[in-house]
Amino acid sequence: MRNIQVSELDRRAVEDQEVEIVERKGIGHPDSICDGIAEAVSRGLSQLYLDRVGHVLHYNTDETQLVAGRAAPAYGGGEVLDPIYVLIVGRATKQYELDDGTELTLPVERVALESARAYLRENLPELDVGSDLILDVDLGEGSGDLQDVFGEDAVEVPMANDTSFGVGHAPLTETERIVLEAERQLNGAYGADHPEIGQDVKIMGKREGDLIDITVAAAMVDSYVADIDEYREATERVEAFVTDLAREYTDREVHVDVNTADDLEEGSIYLTTTGTSAEQGDDGSVGRGNRANGLITPNRPMSMEATSGKNPVNHIGKIYNLLSTDIAEAVTEEVDGIRDLQVRLLSQIGRPIDRPHVADAQVVTEEGVAVADIEAEATEIVDERLANVTDVTRRVIEGELSTF
Amino acid sequence: MRNIQVSELDRRAVEDQEVEIVERKGIGHPDSICDGIAEAVSRGLSQLYLDRVGHVLHYNTDETQLVAGRAAPAYGGGEVLDPIYVLIVGRATKQYELDDGTELTLPVERVALESARAYLRENLPELDVGSDLILDVDLGEGSGDLQDVFGEDAVEVPMANDTSFGVGHAPLTETERIVLEAERQLNGAYGADHPEIGQDVKIMGKREGDLIDITVAAAMVDSYVADIDEYREATERVEAFVTDLAREYTDREVHVDVNTADDLEEGSIYLTTTGTSAEQGDDGSVGRGNRANGLITPNRPMSMEATSGKNPVNHIGKIYNLLSTDIAEAVTEEVDGIRDLQVRLLSQIGRPIDRPHVADAQVVTEEGVAVADIEAEATEIVDERLANVTDVTRRVIEGELSTF
Amino acid sequence: MRNIQVSELDRRAVEDQEVEIVERKGIGHPDSICDGIAEAVSRGLSQLYLDRVGHVLHYNTDETQLVAGRAAPAYGGGEVLDPIYVLIVGRATKQYELDDGTELTLPVERVALESARAYLRENLPELDVGSDLILDVDLGEGSGDLQDVFGEDAVEVPMANDTSFGVGHAPLTETERIVLEAERQLNGAYGADHPEIGQDVKIMGKREGDLIDITVAAAMVDSYVADIDEYREATERVEAFVTDLAREYTDREVHVDVNTADDLEEGSIYLTTTGTSAEQGDDGSVGRGNRANGLITPNRPMSMEATSGKNPVNHIGKIYNLLSTDIAEAVTEEVDGIRDLQVRLLSQIGRPIDRPHVADAQVVTEEGVAVADIEAEATEIVDERLANVTDVTRRVIEGELSTF
Amino acid sequence: MRNIQVSELDRRAVEDQEVEIVERKGIGHPDSICDGIAEAVSRGLSQLYLDRVGHVLHYNTDETQLVAGRAAPAYGGGEVLDPIYVLIVGRATKQYELDDGTELTLPVERVALESARAYLRENLPELDVGSDLILDVDLGEGSGDLQDVFGEDAVEVPMANDTSFGVGHAPLTETERIVLEAERQLNGAYGADHPEIGQDVKIMGKREGDLIDITVAAAMVDSYVADIDEYREATERVEAFVTDLAREYTDREVHVDVNTADDLEEGSIYLTTTGTSAEQGDDGSVGRGNRANGLITPNRPMSMEATSGKNPVNHIGKIYNLLSTDIAEAVTEEVDGIRDLQVRLLSQIGRPIDRPHVADAQVVTEEGVAVADIEAEATEIVDERLANVTDVTRRVIEGELSTF
């Protein structure tokens, strides 16, 4: 029997609070680049271990550091002067003895580089990896506690590697949905049609009462922008697009600003050669940006844990942050009457990860609904998801779950 | 007139919540080592600029990355095998033209190294910097917007460099005080008398109702530990010390565990040569550990901002996180009837930092006290502290304010 | 009037000495990889400066360092485990003010990386640059004496930057020609037809009297070698090829050995994944291998100067080593009766480079020929070549002259 | 029976040649700093292996790379702006199994750092290692052929690891002695009394007939030089000192120049903060400067082999270069009638190093002396020295033999 508690959350739903702040750093932000590389390396190593050993071995690669470069953007196409430098840091198992006594040596550093290069090529198409960005790697051995815990032959549930906790929320507020969706679409369908918008899009949402301010900082790519007029048109297009998008999620008043720090008179604008501010002065590292649900939400409890790059088999901080979000979404989707739900999972070192010390679902119900009305249904969903905890591991390795 | 709001916090005081989690990473934890170096470098650069230019120039050095080493600890004294590698990353102004036209070149990289070495020597006495740890530095120029904003001749208040926010709390709960004080004393008076305890002390506090569990992970220093018996005695001493210390702060039931992952039978213990787990497999970076008040408190709103290493003159995230904590402490100290106070400061880019977009003090009053009873007094204190915002800058530079 | 001296060389021709030793490190040898990168970067920077400024600015990039990787070669195709690391080091002018006052910032680090990558892709086709090899760069500013001395508008001859000397020889001895040609063809037409031979070919020639021993160490590429038999066949093919080739250059007795350190019984063979021993334990750096004429010839005076990577406009060591070789070849080609010729050029700092302190041609004449017989003709050729010294610069930039 | 040949050298003695060029880079020259570090690391590792294993294990650390810094020297004391960066590169055995089955892990990287720091502190006293210079290390494992060949229990002579050769000369010419001694004394007794002279002293000797030009480039240390007058006096003192010193070695005409590139009018002088040009723009690496006898002598055959940092037990290039010099000195000291002697030792891979393929002593006898007169005596000395070849190893480890 799992220790699952459903109780009332002792505050208003975030949607009903007076002031709300939400932020998302887009995939081209220096911190997100590091998150993305760390997670790509993690997936690459998991796959390497599965292919060669049959289960995932011990590793953590959650420490990528980015040192900004120097660039000279210019209308019609500028150039990088000094390359960005990225150091992939972490621990990984390099030697492993198979059951038949074969001693394997695993190409963890080469695979880390290959994974990171593939990720960068796909997600930062304007960046010439190798010339605009130097990719370096330093993966040491860990403390030697090789845990071979996952794969075809891993029938048992892994044990928690730490006393840690994860927290998830659902549903997203209107402001949260706008911030999250705006970045995803700007870096998705919109970006595909408008190559002038770089991947370094940072979106800040601030709601005071019924007024939502959305501030977009979008790096423009110089080779697609011929002059100041095209630049102005590009920012206006983004403003119109995000304003329309926001309309789908709220009836509140919405105000959108794009690149507010620009001074068009002075020619001081947000123009880049590669689509990211990492090209000029903005450093980055893992775990400093978006939380596991893709947002920074100071109105809600957050875990400080860096999710990206962690081993998805037994790193409990990673698993429980992803799982608690997953549970919160499942419960609010399947159970009626919930206005705000917060799920916390607290591990205990050495316990099976499907049996947290406590799984705690705190809820703000809609008017006329009591916690007791939903307790049984919610408990069942939490229980079922915990039973299938290793699904999270699998989905992370297959790239189905985003960690930032 | 400043926009100061005092309102009721729509939740129970953290002290009254059912479950509370608190954590502190001690100064020898790999993440804290990075925070400490970043902040030491920041102080060194501020002082350099004040000495040579008369005011602080633009810089941010909040990206130190630590790559763990490899060590072979042994009773009576082991050794480091492969050194720890630390890369100091950031931006700093290297050229400056004085009013008289003199062009100064500033030794920012050398000063960064000197500051970091001095910090490490003082705070990690068992570590031979240069042989056990390699200190590297890569400080680029920033985006060129040299802001000369602080010093004798800086009569005006700086403008916010970003739209950001800071959050602070007071008073600390019992659990928070125990966690914070335990680490400080273990790394203070206790450590001075007991050199066998390393600086890498991590303390986790968990309260469920009236039961407080304190889990201490303390790296022991091998040269002061002759055998397994001395090791056991050392951990027992820590357990007794923290148990006594907790008594000063609470009447609740307290249970203390030290180095719970040890397996004394197997000889698997937490022994180090240098007093930090960075010597063997634990990487670290800035902004991943303690928040500006020295704690990780998932029960409370936290800023994701890395405070350590940021420029204390105009980096609004740093200033507002420190100031909001300072304000919360001042208000609860001077005003009666407050059970829990949360102060949020929200900046607006381009506005003077003494005039936040909103300063928002949310309070849980003690029984019988209304928010209205304390509003005027609280407002006055907030106003006065905001008026003296540059005090925070000065205290940071002089090392009076801790950032992690 | 140039100071040109023609005199008798006070020793036997190298061809007539009792013992002769000659060595050539092929283009895939770790030292040669560094030479090749350094020179490719040099050409890239020269071209950059010519394109943007109209003449070559100050730089020297003659310090590339290679740190070997780790690999697991295997019949049919192995893999790199830890990448090779290459650090391009040097000085280059990054800022330049054009005559019209425009301040240029030059992308020297990005161009260095691009040049090096292009070179590696072309010359080490089995190596996946970026995954098998990390390319890093650190180009500082020089001592500030920006000399803008070459280009369309540079009518004057540059001044020598140092007191230095160059030395060249002709004709090559039989042993020298065999060693040089063998490597060139193995890495040329032979290699094109036989992809199993890697680029790391090292050839040692030793002549005692009329017996020439040629020892070839050739890295084989595992993906083209299915088993020990194919390996043996591959080495035998190389042995036969080099034996035949030697026949074209000598009537002396020649004995060729390939991969003599192999122990086929033990399976200890020279198999690689990438075609270079840099993949497994062999470090390299610039200026440690072949001299400017492509050979290491302890029987002849050699300059210690690293030619590769040096600025070809005013770096006198580079220019005079290339030019003295060029002169020696021209004289022996055009003047009859020379058995051995050694040309030395000695610069004086601050003098025009077409007017060396002394140009000294020492000759061993063929029987019946006196130095006086050839003096006038030789002097004229030396004089003419010195007058056209900047041709060397142009040919280096255009890649016509090899430096190692 | 060893294959020892004594024959006539088919050229004039260098002392009798018309033009002679000699160079020595002082211990503070960037290339020599690298040589010195490489050799200090080598001695440190040899000692580590002797202490823990009883004999020297496989290593080579002959690839140190120095990247110059940036400095702002000033009369009375300037400062380093950006630190020098030094990367120690090489291979070393990290794991070793003792006869009793104990598995040792050896702290090779930490010992490398300690050895290099101690060397720098002793030889570059004005340099603050750690702040003015960053010391980094990357020692990989070699190709796995751990050869445990030296020590108490090593009764047998090691086998040559390569087909290589060494060459030595004696006696030194007058010019060579002046160049060598001048640097040694300037960095010795003279330097002790005159701290204003830095360690980066480069001496070039050029003899044409009976005129010897000695050009000294000596970095002055700013903190000991108050103004341009003191600077001029300092250079004049050096000039006088070297002129006097030269008198002890020659009756030829000697002309000494110090810091000829200076332009005192323009204030363009050779002033440094740390005593080495590595502080400002001059990179360095191992094996690019002095040969094993401390000199660069284009008039004589030289080996390209980098001696510094190589394993002194079985690296035949190192041993034979040192030994051939040693033999040449012994023979000329003990045997009368020799005007110039050149000793070459040629190894064969796999043969005991006391039995070279050929040991070849070529001699220019004094007038009236025939080769036959000295052959027996010379052969005996060569034979005896070869028999005691391992003495070279011991003397290198104990720091008695200089390698550059």
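Going in written order, the chains are labelled A, B, C and D, and every chain counts its residues from 1.
The definition used in the following text is that a residue touches a chain if its C-beta (ideal position, glycine included) is under 8 Å from a C-beta of that chain, and two chains touch if they have at least 3 such contacts.
In this text, all values refer to a predicted model and were calculated from it rather than measured experimentally.
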Given chain C and chain D, the chains that contact each of them: none
Of all other chains, the one whose Cα centre sits farthest from chain A: D
Mean-CA-position distance for chain D and chain B (Å): 50
Inter-chain centre distance, chain A versus chain B - centres from mean C-alpha coordinates, in Å: 25
Whole-Å gap separating chain B and chain C, where each centre is the average of the chain's CA atoms: 56
Set of chain B residues in contact with two or more other chains: 82, 85
Pairs of chains in contact (touch as defined earlier), listed by label: A-B, A-C, B-D, C-D
Residue numbers on chain C that touch chain D, as the complex places them: 7, 10-12, 17-19, 21, 63, 65, 67-70, 82, 85, 87, 89-91, 138, 140-143, 163, 165, 167, 204, 206, 215, 260-261, 280-281, 283-289, 291, 296, 298-304, 306, 344, 346, 349, 358, 360
Residue ranges of chain B in contact with chain D within the complex: 72, 79-83, 85, 94, 105-110, 113-114, 117, 129-132, 134-137
